[in-house]
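Note that chain A is present in both complexes that follow, paired respectively with chain B and with chain C.
The block that comes next holds the complex of A and B.
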């Protein structure tokens, strides 16, 4: 099982944080462009899901899966978006994202008075804690290739 | 650090998240507000002393309530000990980790995981070290105010070399 990369977007679509662990295929465009592309796609999927759903869905879009990887999507009521790409075997990534929000984002960004909100996260402690959380997760087993 | 985690979990059960954060958020806004008021745009002594004065008034009042059930203190050291244990744990959910004194009116109170700093920085990074004095000014005043109401006139300064630990130097003025 592998975790590939993580995006955090603000309510307005600013890329707050990006990090990657096992990403073999580069997109070939700059990080900013890639973030815009990613956000645009998620925005479209969200409205697509809510329009096309035959029933009232409480949570809306949760994840999608290709033959190679799964994209997990977690959005808070405040509009913060957490996106995690894993391989297809990782089922519990959603809980991991919730944990990331609760135990790392809330603690080390919201409670840090020196962190500007809705701007890319600079705090080194936050970066460290994110890495720590994912590396101790059972989903994180980097296959050395 | 470990102690801190246990403490915050225990308090989550009894007091709730909002109770715990309210002080931290209010303090953060207080610091921002005072600094934004500064005319020159630079972080001068004046702005920090305003924060320190706010702390002083708060400390002066708080001590009335905290010492309600207590008998009178024997001496100066007794008061400082009270500050390190009961006072600190009721405000910051932990006790002062280390207290040192030269027995001539100088006390050094060291907190290895100070609550207002432990979300800000880690020991292996120098980030935010420059900004940390503004997060400590209020607490310096708090200490000075509390001691003032107990009858000790003092000057309190803070120092940080590695976040999130900090030292408060209390210098008692002999009259």
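The block that comes next holds the complex of A and C.
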């Protein structure tokens, strides 16, 4: 089980934070372009899901899976978006994202008056705490490359 | 155990077949007094609920009938505007029926071609090399399974999240496609599938799977 990378997007689509742990495939485009592509894809998926859904949906899109990885998606009612890529064996990553929001984002970004909302997060403490949270999770198991 | 629908998308991203299997009908009829306690909006040629979810009427639902008669766009049968009529106190009490908007064929074609780039981007943004596109996409109300053949045709099934064995069913649908669509001399590749045998067999397959599970097919 592995965790590949993490994106946090604001309501307006700004990439607030990006970090990676085990990533073998570089997409070949810059980080900014990749973030735009990712946000655009998620935006389209959201509208796709709300149209194709046969019933009224509450939470909407949860995750998608390909042959090599799973993308977990968590959006707060305020529009903040957390995206985590893991391998296909990790099914409980959504809880981890909720924990990240509750225990790390709220504590070290919202309660930090020096952090500007809607701008990339610079706080070193936040970066450290994110790393700590994921490294102690049972899903995080670095493979020898 | 419900399968909502089957879609087949050609190599170039066009919808060539769709079958609605078991689409639940959501409709609520209720009588209202003046003033109306929900906010209605006119968008995409439909009168939709914008705010004020209550009694099974949800945001996004479409107004279908007023006092039992169907409405056309934003007009009543006699040509009056619905939203204007609902602002006048003398037209109350009024019975309104709301329902979840049904997808038109045009919208289905639009959605099918929308899935095509999502599938491609998912493979491009992969953290691992040589990843396929989206195979399973889950939302809280349904799960979408997608199987791409070697020739690039995508088979998609929309089903309840708890429905098992959908990956196998996709391959069975591919079998049916190979047997009844491709072997039909009147079928042109990349064109919409209109083969009666294919449709009847698919319908029968979906029903058996819903009733007795995937192990019996």
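As a convention for this text, the second predicted complex is superposed on the first by the 145 of 145 C-alpha atoms of A that agree within 3 Å, B and C clash if a C-alpha of one lies under 4 Å from a C-alpha of the other, contacts with A are read in each partner's own complex, and residues count from 1 in each chain.
What we mean here is this: a residue touches a chain if its C-beta (ideal position, glycine included) is under 8 Å from a C-beta of that chain, and two chains touch if they have at least 3 such contacts.
Quick caveat, the model's predicted, so the values are computed rather than measured.
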Q) Looking at the combined model built on chain A, do chain B and chain C fit side by side or clash? A) fit
Q: For A:112, decide between first (touching chain B), second (touching chain C), both and neither.
A: first
Q) Just chain B (first), just chain C (second), both, or neither: which does A:80 touch? A) neither
Q: In the overlay, work out which of chain B or chain C sits against more residues of chain A.
A: C
Q. What is the contact status of A:125 with respect to chain B (first) and chain C (second): first, second, both, or neither?
A. first
Q. Can A:133 be said to touch chain B (first), chain C (second), both, or neither?
A. neither
Q: Considering only touches as defined above, state whether A:45 meets chain B (first), chain C (second), both or neither.
A: second
Q) Touching A:4 in the superposition: chain B (first), chain C (second), both, neither? A) second
**Q.** Superposed arrangement (fit on chain A Cα atoms) - minimum chain B/chain C Cα distance in Å
**A.** 27
Q.
Under the definition above, what is the set of chain C residues touching chain A in their complex?
A. 4-5, 23-24, 26, 58, 60-61, 100, 103, 107, 111, 114-115, 117-118, 121-142, 144, 158
Q.
Under the stated contact criterion, what part of chain A meets chain B in this complex?
A. 107-108, 111-114, 122-125, 128
**Q.** Of all residues in chain B, those that touch chain A in their complex
**A.** 21, 24-25, 27-28, 31-32, 119-122, 125, 127-128, 131, 135
(Q) Applying the document's contact rule, which stretches of chain A touch chain C when the two form their complex? (A) 4-5, 20, 22-25, 27, 34, 37-38, 40-41, 44-45, 48-69, 71, 85, 87
